[in-house]
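Same chain, two partners: subunit A is paired with subunit B first, then with subunit C.
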Partner chain A sequence: MGINFRQETFRDDYSFKNSPEQIRRFPFPFPEDKYMYSVNIEPHVPGLKDTVFEHLFDVDEHYISEMQDRALVLAEDPLRCQSLPHMELAGWDTLELLMTEKAKSYPDLFTLTRDGDKWHWINRPLGIDDHFTFGDSSTLPYGPLEYITRQSQGDFAVLDQRDNNLWMDAGIVTTQADWSLDFDIGMNFFEWHAPVPLAHQMGVFTRALKFLMAMQQGQPSRRHNWTMTINSRLDTSPENFHKWGTDRATVTPENVGQKVHLRVEVQMFFRLPRSNALLFPIRCYLLKMDELVTSPKWARRFHRVLRDLPNELAEYKGLVRYRPTVVEWLSKYDDGAPTSAGLGPD
Partner chain B sequence: MTMLSRPVYGVLTPQTGKNHLLIADADGASAITDFAKKAPPGFFASAEIMYLDGPDGAKNVQALKALSPARFYQGPSIAAALPRLRQLLAESHMGLRLYVAGTEGLIGQIVQIANEAGIEYTAVQTEHRGSLARRVQCVHCKGITENVTTQPCTCAHCGLLLLVRDHYSRRYAAFQGVCINAEDPTEIPPTEEIFR
Partner chain C sequence: MKAGSNRIEAVVTNVVAVNELVKRFHFERADGGLLPTFSGGAHIVVEMRDDEKTRLNPYSLMSSPLDTRDFRISIRRDDVGRGGSLFMHRKVKPGDRMVISNPVNLFSLDLRAKKHLMIAGGIGITPFVAQTSQLAAGSGNFELHYAVRNDALASYADVLKERHGSRIHLYRDDSGETLDLARVLATQPLGTHLYVCGPAGMITWVRNTAAAAGWPAERVHFEHFAAPQPGKPFDVRLAVSGVDIQVGEHESLLEAIEAAGLDPPYLCRGGVCGQCETNVISHDGKFLHNDHWLSEEDRQSGCKIMPCVSRFEGKSLVLER
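Moving on to the complex of A and B:
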């Protein structure tokens, strides 16, 4: 198999880009030519070849560079990774799930050897070879959650389940679509979702919470979310908004193709065995507009989605300033032909 | 639709129990005197009242003293009252009933301190009285600006011009402030006095 890991940046000179194979496997999130919030949850079943759903936890060509970017964010702001004291066990659950799945899916990259609670973990792409005692944090350089998620693409929220609700009591968040773990930690499902427009009134969150609370171990689920990002910046945090906000004012008809990205989150839900917590990985994929339009179907569909997006959503997602420029640019790729069913690029 | 992360305040109602702690600022004192009219006879014999002066100094102190609580404390600020409050909460075990009345900033901070002592926010009786001034946490520098009455406001720590959101964190006892002109720093929206 052999993944060709790219050496690239998500800041400063923004050298990030996708290979043609990576473009084909991009998790395009729109099943229709329009978009509105819904309870879009489906089973997270591995096995779909040449998609990001081939394995439970996708490792791709951006792995090493994304992990380097995460390390930079954490060095600047350690509050991006937090765990309330009662979440330690859920941290070990997370470490176990990620190590066992990675080793199973990518045996040439990761190896886990277990002898009782004496574990040996080898991560070849990142050059890590560690022996530690499962359950004993003093044998790791970081807490279990931080240790394994510094080696796993995407953000992770860990939710404690009690009092008929989910509580955001731990997480690592460095590739987020403009929300703050530090501010939201300790909140329940309705509280951290409070800023989202329309969905509360539509009953989306009440139904979604009911589903999540009943989730069983071994039956993970997933959903898509999306927004847009100017320049290939992973860390679009509110903390740094005063530094990246001006990017939104730099979009011109000439630079849309390279500067403007569709940002898709594959969000997954796993029930954890010991803690009964819920693990919520939020995996972020970026696609340049130039890359998107290599699929005529995606180009047509995204043009229509963006053009007809309700204003409340455009405002919430922060697209208002550059949406007209991008819609105009995309319109050149939309001849009005119908789009085929399904998500694939055709 | 109101922001679901914002606390909901009620009206102080007497709880059964043998150990009551009532905390109020200058604006909240009247909520306690109103509450006293509903309280069963002898209620204040097992109660402490902590009174914290507001930004404009003390007000209504005599009316609270006239309730003859078992203990009466008057302090100049939450910060000054903190050691006493922490000890009371630590020694209270399960039986303590906690009531807080006054500005949102006072209620938020007492709920925060109580939570650190193991008392769930749902177990605290709260009543909002007086000013709508907000405690605002700057999401950028993390500093907290007290008594914010304007939209936008200026962060007292890093100086950024902040949009005061309705998104509220119980853990910080603060609303979130986010740079209002991050997309174009030359845009300076007018400042309006709205949290009064």
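Moving on to the complex of A and C:
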């Protein structure tokens, strides 16, 4: 496998950056030169080598550093991981899914040995070697959801399905685009999506809920979403808005390349077998503008997308203040040439 | 993307006559591995290749969710149905290869419940056999009331009594034993959820009795698969694909659409999940709606049909498929 894990930070001195190989595999989200909402759901099946879709759960060069950042967030604010009492079984479902997939995809990094309910888990990058009893939380240092998601990149929402709706009844959320698990816990699908503009009128959520409720085990799906982040901060949470909100006023033509990031979320949906709950992993990828423009196609296309983005969406994504500066900066990389079809960097 | 396309190659490893009407079928993976984990209340769809005809029928899993070396279903013989149960009873033997689907749960336990109160009638016992195994393993609180015609047809009553003792209450019709539902409902602790699976009349009775006693609808769960009924053949035009089909007497509209090479989504094939809902472009005749999905307005409008269970009588029917 040979992943060269980077030692880096997502706060303070922001030493995060992507290697050239990691830039090539960035999940660029725009199939055309403009953007509008769509449900954009596709089957989540293992994909091409050297893409983030090669395995069901991608492990990349930021793994160790992201897990260290998660531990820091949880130490300051334990409510970032919550599980209502009826969701423990879904926590075990999540643990089983992540352990079996990681061990299958990256056998040199992770090993799972099962003897009935006696399990042995080895996570070599994080130096973990634990024996525990599946189903017995007292044999783990944390609840099953927190235990395994402290070892898995991306946020995880666990949705209970009942009364013809989905309910945000468990999760771990430390790398989020300005939403709060502590605020949303116990809400249903329409309640937690209430702040999203335009999409309700378009009927997007009614259709999406119908699709998600019919999700079957063994047939996961994925979609993506995007926003922008100033500085490579993973934890852009409402709880810590005072720490990062003002960063948005610090963008200048001189620092766009290093300070401004395209933030892409690969969102996945898995039906969990024991609990019949729905697991919703939200994996965040960051790309600096300097890194983005190493692909001329991405530079042209993102310039056009950002320039023509409807105001309501720019407002909702929190881009209004610095959008003109970034569009101006990107325009230098857009000669007006047509862009090729597809998402790849050319 | 097609729901329900995740098929599993399986081998029938055992066929057991439970009583004069019910047989139990055991399936293992053809490749010898473990079957998928599932939750109590889930069903699988079994593909039956009966000469030229392919039937896909849903059956509740009744084996323990804790043991997925095999899947077990129990099928009651229906002598006047479309022939799926007769095929299973008469033709399927140990060693046969069959294709089954991944489990789908449309009747899952509400894990917030302080107590699970279950009401079963006849073959409606099967999802509860799995759910009680799941709950007993996790020290869940439950109570099961099971109405049967007589001792001879009380499928699994002995097994359930042996496993769960006084939590199981049996009512034999021929002995004049009746379930005093109003009294049972009146004595439940706060936080109890009610589940019912059985004949349509029983489900209606339980839901009405619970509603009259002030139980919120969110606390009342029911499994209501309507088996597709046979009926007169009818012709259909599938406008999108430009195909004309005939639906045979013992065939469902969904099966006829599939036989024409189309791949509409489905989950339950029993008129409850809504996946196969199909728009009607035009019709001249009468719909025989047998589903539990469409609203009264939908039915009045004549604009929608659920092809898994519903039929049509008349001159012409054009569907958006």
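Assume the second predicted complex is superposed on the first by the 346 of 346 C-alpha atoms of A that agree within 3 Å, B and C clash if a C-alpha of one lies under 4 Å from a C-alpha of the other, contacts with A are read in each partner's own complex, and residues count from 1 in each chain.
In the analysis below, a contact is a pair of C-beta atoms (placed from the backbone, for glycine too) under 8 Å apart; a residue touches a chain by one contact, two chains touch by 3 or more.
All figures in this text were calculated on a predicted structure; none of them were measured in a lab.
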Which superposed partner A:Arg223 touches (first subunit B, second subunit C, both, neither): neither
Touched partner set for A:His193, first subunit B, second subunit C, both or neither: first
Which superposed partner A:Arg114 touches (first subunit B, second subunit C, both, neither): neither
First, second, both or neither for A:Arg248, with subunit B first and subunit C second: first
Touched partner set for A:Asn276, first subunit B, second subunit C, both or neither: second
Which of subunit B and subunit C A:Lys104 touches, first, second, both or neither: neither
Contact footprint of subunit A on subunit C as seen in their complex: 1, 3-6, 36-39, 41-42, 65, 102-105, 108, 110-112, 138, 218, 265, 267, 273-275
Subunit A residues touching subunit B - in the complex, by the definition given at the top: 79, 180, 182-187, 190-195, 200-201, 238-242, 244-246, 248-249, 321
Sites on subunit A touched by subunit C in the complex: 42-43, 85-87, 89, 96, 160-163, 210, 214, 216-219, 221, 273-276
Complex contact set, residues of subunit B against subunit A: 1, 3-6, 137, 139-140, 142, 160, 165-167, 169-172, 176, 178-179, 182-185
